[in-house]
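These notes open a run of structures that come right after.
Here come two complexes built around chain A, the first alongside chain B, the second alongside chain C.
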Partner chain A sequence: MTDDTGALGALLLADARLPTGGHAHSATLEGATAAGLTADRVGEYVRARLATTARTEAAAAVLALRAAGAAPAGAPIDYGPVQAAVAARTPSRPLREASAGLGRGLARLARRIAPDAPAVAALDTAAAATPGLRPLRPVVLGALGAVLGLTEGQTARAVLYDDAQTVTAAALKLHPGDPLTAVRWVLDAAPDIEESVRRATAVRGPRDLPAGSAPLIDAWAGAHAHATRRLFVA
Partner chain B sequence: MPETTTAPSTAPDAAPTARRTLRLGVAGPVGTGKSSLIATLCRELSGELAMAVVTNDIYTDEDARFLRSAGVLDAERIRAVETGACPHTAIRDDITANLDAVEDLEAEFAPLDLVLVESGGDNLTATFSPALIDAQIFCLDVAGGGDVARKGGPGIGRADVLVVNKADLAPYVGVDVERMVADASAARDGRPVLAVARTDAASVARLCDWVRGVLTAHRSGAHVPQDPGPMAPHGHGPGAGHGHGHGHAS
Partner chain C sequence: MGDAGAALVAVRRAGGRTHPHRLETGRFLRPRVMHRPDGPLRVALASVRASLCAGDDLRLRVDVGPGAELDLVDPNGTVAYNARGGSAAWSAHVTLGAGARMTWREPSFVVGGGADVLRSVEVDLAAGAELLWREALVLGRSGERGGALRSLTRVELAGAELHVEDLDLRSAADRERPGVLGPARVLAQVALYGRVPPGPPDPARLDLAGPGALWRSVTDRSHRADAVLDPVWRAWGGR
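Here is the complex of A and B:
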C-alpha cells in the first residue's frame, strides 16, 4: 500500500460499485415505503437520516479511525469501545444485523487489500464486547479509512454520502421517478451532510457518541425483517 | 431473520483455499426450471452427499419456499439472499451476500459436500463469478424455443454443462430436442450438453453422474473454475463470425 491513497480511498468507499454488499440495502427505505412513505418525501427521508442514524454512524467511523491511529506502535488497537457504543445506539436488532452484514463485506475487502495492517488485524477482536455480533459497518469503515489514509472528514463524509445514495438508489427501484431527480436529492442534502461531518469529527470519544436514533426507522426496519417478497436486506 | 452475524473463530474471509465442498451454480433465464432442477438434485443426491442450497430471487424467498415445501432437504439448509433487485450483480459483480450465505452454511453444516447456488432468473448473459462458485450449470428449456441455444451467450457457450430442460415437453412446443442439443453442442466446442426431464430417470441419472464427476475432479484438484465471461464468441452476419472478449471497436 502506498502512502498516497487517501483521496482515492475516499472515492472508493463512496462508490456504490465497491463489491461489499451495499447494493442489496435500502437504508430502510423499503420498509418506509411499505409503511406509506411516498416518492415526494424521499428527500426528507434522506435528511432525517443524515441528522440521526447516519450522523451516529459517521461519528463512530471517525472514532474507529482514531482508535486505529491512536495506538502507539506495537500496542494493540482496540475497537471494542466504539463497537459497543455504536451497538448500544442501534436499538433495532435487524439494523444491528444489517450493519454487521455490511461490516462483514467491508472486512473481507480490508483483509484482502491489507491483511497485515494492524488496523485490519484488530478487527478480529473488535466484536469481543458484543457477543453474537460481527464488527459493525462504521467500525470496519474506520479501519479501512486508516488503511487507506483517509482524514476524519473524508471518513465521515463517505459514511454520510453512502447513506444518502443508498436511499436514492433504492428509491429508483421502489418508486417511479427520474434518476436525475435522485441526484438532486443528494445535492440538496449537501448542507446536512456537511453539518453532520462537522458534528461527527467533533466527537470526543465513545461515551460522547451521539445517540441519533430514529424510532420510526427502527419500527419500519423491524416490520421489514418479517416481510416476505423483499428486494432489500434492510 | 436468521442469526448470521456470529463470527467463527477462524478467518473465513481469507482468499479461497482448497475446500472439500463443491460450490455449484445454477444459472439461466426465468422459468427454465432451475428450482425444479435443484429440487431434483437434492432428491437424488442428498442421501449420499451432505448438501445445502442458496437461492437468489428478485423477491427474496420465493424459490427458497418452493424448495422447502418440496421437502427434499432440511429447511434450515436452504437459505435465500436479497439481491437489491439486481440478481446478475449478486452472482457476478458483487458476490458478498452469496459468499456470506455459502460460508455460513459450510460453517454451520460442516462438512458439506455440495452447495448449490441458484441464480435469480435473469437473462442469457448472466453468469457466476468464479470467485463465488467452482462450476456452473446453465439451464435452458425447450419451451423457450429451439433456437435459443444457437443464439449463444457466455453461459450457453462456456458454462461447465448446459442443461436443456423440460425435454419431455418438446412434442408440445414443436421443438426437436436432438436438433437443439446438436446446435448447443456445436456452440460449445464439445463441452457437455444434457437434455433433462425430471420424469425421465435416465436423464436425471446422467445429470447426477455429471455432478459426481465434477465433485471428484474438484477434490482431486483436477477441476479449475472457468469463467464463462461476459461475452461469447458471436457473429455479425454471414461469414463474420469471430470471438473476442472486449467491446467493439467499430
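Here is the complex of A and C:
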C-alpha cells in the first residue's frame, strides 16, 4: 500500500460502485416494503436504522480499526471480540448472514489491495470467534479502514453513509420516484449520522458496543428471508 | 448477596430435588413457594406494594444452583405509573449454575402514560444451563400512548455474550419510526437461552448466533401476542 490513502479510501468505501456486492442489498427496505412501508416513510426508516443497527455497525468498525492498529508490531491482531459482540447484538440469522455476505465481498477486496497487511491476514480471527459465521461487514470494513489509513470518524461515517445510501438506492427500485428526493433523505439524516459517528467513536470496547434494537427490522428481515419473490438478497 | 431492598430467590439442588435456599422479601416483591404435587420447584413473586412510581428502584435477584430447576412466576406483572417528571428503575439479575434450568414468566410490564422506566435484565448462565423466559412489554394502559421505557438485556453463557440488546423506547417519535415499533404498543417474546429450541425456521423466530432463540410478537394488543406465544412457550418447554 502507498501512504496518504486515507481521504481517498473514505470515498472509496462509501462508493456504491465499489465491486463488493452491496448493490444486491436493500438494508431490509424490501422486507419493510412488503410489510407496507410507503415511499413517504423511507426517510424515517433511514433515521431509525442510523440510531440502531447502523450505529452498532459503525462502532464495531471503529473497534476493528482499533484492533488492527493497536496491536504492537509482531503481536497478533484479534478481531474475535468485536465479531462476537456484533453477533450477540444481531439476533436475526438472515441479518447476520447478509452481513457476512457483504463482509466476504469486502474481504476479497482487502486481500487484493493489501494481501500482506497484518490487518487483512488477521480476518480469520473473526470467523474463529463465531463458528459458522464468516467475518461480518463492520469487522472487514474496520480492517480495510486500517489498511487505507482512515480515521475512526471516517470509518464510522462510511458505514453510516453506506447504510443510508443502501436504503435510498433500493428505494428507487422498490418505490420508483424522483432520485433527487432520495438525496434529500440522506441530507436530512445528517444530524443522525453525525450523532452516531460521535457515539461510534466514543465506544470503549466490545462489551460497550451499542446494541440499539429495532424489532421490526428483525421481523421484516425474517419474513424477507422466507419470501419467494425477491429483488434483493436482504 | 448484600443487596438491600432486593428480593432474592436462591434455590439449590440436594438429594435429587431442588429446595429453596434463601427467599428474601424485597421492598417490592415477596417470593413464596407454590406447593404442587409434582414438577420442579415453583416460586411466585407477590407484590408488597403497588409499583412502580417515581423514585422506585425494584431489584430482583435469582440464583439457581448447579443442576437445580426452578419455575419462577410473576402472577401480577408490573405497572409503571405516571412519574410526573421523575423516573423509576426495575432490574433483575439471574444466575444459573452449571446444568441448571429455569423458566421465568412475566405476564406483562406495562409502562403507563407519563412513566419513565429503566428496565434491566442481566442473565449469567454457566455451561449447560438453560433459561426459558417470557416477557411482554406494553406501552400504555388501554387508550394510552404509554410512557418512556428503556429496556436493557444482557445474557452471557459461560462468560461470553449470547444476547445483548438496548431497546430504547424513551421517545415516542423515535420508537414509532418504521423498523423500531411503528404503531405497535406491545413487544412480547419467548426467549430460550442455552439451548437451540426444536422446530423449523419461521419468520418470527430469531435464532441467535450462539445456542438460543427468540420468538417475537410486535403487535397492538396483548392478547394477540399471547395467541402467538402460548404455543411457542409450550413447544420450547414452558410449563
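Keep this in mind: the second predicted complex is superposed on the first by the 234 of 234 C-alpha atoms of A that agree within 3 Å, B and C clash if a C-alpha of one lies under 4 Å from a C-alpha of the other, contacts with A are read in each partner's own complex, and residues count from 1 in each chain.
Operating definition for what follows: a residue touches a chain if its C-beta (ideal position, glycine included) is under 8 Å from a C-beta of that chain, and two chains touch if they have at least 3 such contacts.
What you see is a predicted model; the values in this text were computed from it and never measured.
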item	value
Partners on chain A (chain B, chain C) - clash or fit	fit
Which superposed partner A:Arg112 touches (first chain B, second chain C, both, neither)	first
Contacts of A:His175 with chain B and chain C, given as first, second, both or neither	neither
First (chain B), second (chain C), both or neither touched by A:Ala100	first
First (chain B), second (chain C), both or neither touched by A:Ala225	both
Three-chain overlay, vertex chain A: chain B-chain C angle, C-alpha, nearest 10 degrees	120
Contacts of A:Pro210 with chain B and chain C, given as first, second, both or neither	second
CA minimum distance (chain B, chain C), superposed complexes, angstrom	10
Footprint overlap on chain A, where chain B in one structure and chain C in the other make contact	93, 96, 133, 225
Footprint of chain A on chain C - complex, ascending	160-168, 174, 177-182, 184, 187, 201-210, 214, 216, 218
Footprint of chain A on chain B - complex, ascending	1, 3-7, 11, 13-15, 58-62, 81-86, 89-90, 93-97, 99-100
Residue ranges of chain A touching chain B (in the complex, touch as defined)	17-26, 93-94, 96-97, 100-101, 104-105, 107-108, 111-112, 115, 124, 127, 132-135, 170, 173, 225, 228-233
For the chain A and chain C complex, residues of the former touching the latter	28, 32, 37, 41, 44-45, 47-49, 51-52, 84-85, 87-93, 96, 130, 133, 207, 209-220, 222-223, 225-226
